[in-house]
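Think of it as A, B, C and D in the order they're written, each chain with its own count starting at 1.
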């Protein structure tokens, strides 16, 4: 379970044991749930400039989420599953 | 158990297994204990600009803590419990 | 399992349980796999300015990876194994 | 086990399961071992500006380490043990 503010401070990402990422405004308002991982998420990282969020999960994938005006556009996520090798 | 300095370097937050966050000045002086989580805290994150601290706990909640002049005003914390879904 | 963007946002490092670090462009394109650790990696950190990546592993070593134009030059990695004492 | 570069990129701190923090230059040269914790260290954080390193350990303490010209002066560390309450 991790929390991380975006570099501009407007968005908070919290990663859950259920494999989803929740996005919140700094006011506490809920923005979106990012669904795509099949297992618990270990870490997230915001890109310093390009408004991208990366998440890594026990499902063996890293996913990139592209932010749009009101949050992150899940349609633009990129699954890197086939490239990650986990023991 | 995590430690994180605020972006201005004046405040250190340490999260405990007892579900509290301790705030310290960089001089080592104790500022405050943030009580509200019912279980151990996994991570904390300071907002880069708005003086907000986020914490996530095994109790299934993310909490936001608003900093005031002498620390964080616990009366302003926002419990996001109902919005977080954990397996 | 951790993910971290480089300070310039162009590179994403993801650390795996198999002891390798994968490097990705923010577009999702794969750059390189950094092989050298003999056990799972616990954490990575990018140097703010000098384009160095540090990784720490259960194998008891910290390794530094020097970035070159197209990624990280594994030939320049420095094994600090003999200096790290782990219980 | 965690690694973190200082904000100026000149120093790398790695925390060990034996309760010590190792400091390295970004060139890979060893600087110092910070001894003081009685159990494994979970996290470290560099202060953005004041050249202070904080560490938190399973021994129930947070320690602050003041950097001097050639490293961190362990004589200036401040043990906050009595103020941290752990379950």
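Going forward, a residue touches a chain if its C-beta (ideal position, glycine included) is under 8 Å from a C-beta of that chain, and two chains touch if they have at least 3 such contacts.
Owing to the predicted nature of the structure, the values given are computational and were not obtained by experimental measurement.
Undergrad: Report same or different for the chain A and chain B interface, where same means the shared residue numbers exceed half of all residue numbers found there.
TA: different
Undergrad: Go ahead and note the Å separation of the Cα centroids belonging to chain A and chain B.
TA: The computed centroid separation for chain A versus chain B comes out at 21 Å.
Undergrad: State, to the nearest whole Å, the distance from the C-alpha centre of chain A to the C-alpha centre of chain D.
TA: Centre-to-centre distance between chain A and chain D: 29 Å.
Undergrad: Note the residues in chain B that touch 2 or more other chains, in rising order.
TA: none
Undergrad: Looking at the whole structure, which two-chain pairs count as touching?
TA: Those chain pairs satisfying the definition are A-B, A-C, B-D, C-D.
Undergrad: Can you tell me which positions in chain D touch chain B when the two form their complex?
TA: 42-50, 52, 54-58, 62, 64, 78, 80, 83-87
Undergrad: Which of the residues in chain B come into contact with chain D in the complex?
TA: Residue positions touching the partner: 1-5, 7-9, 12, 14, 16-20, 22, 24, 26, 28, 30, 33, 40.
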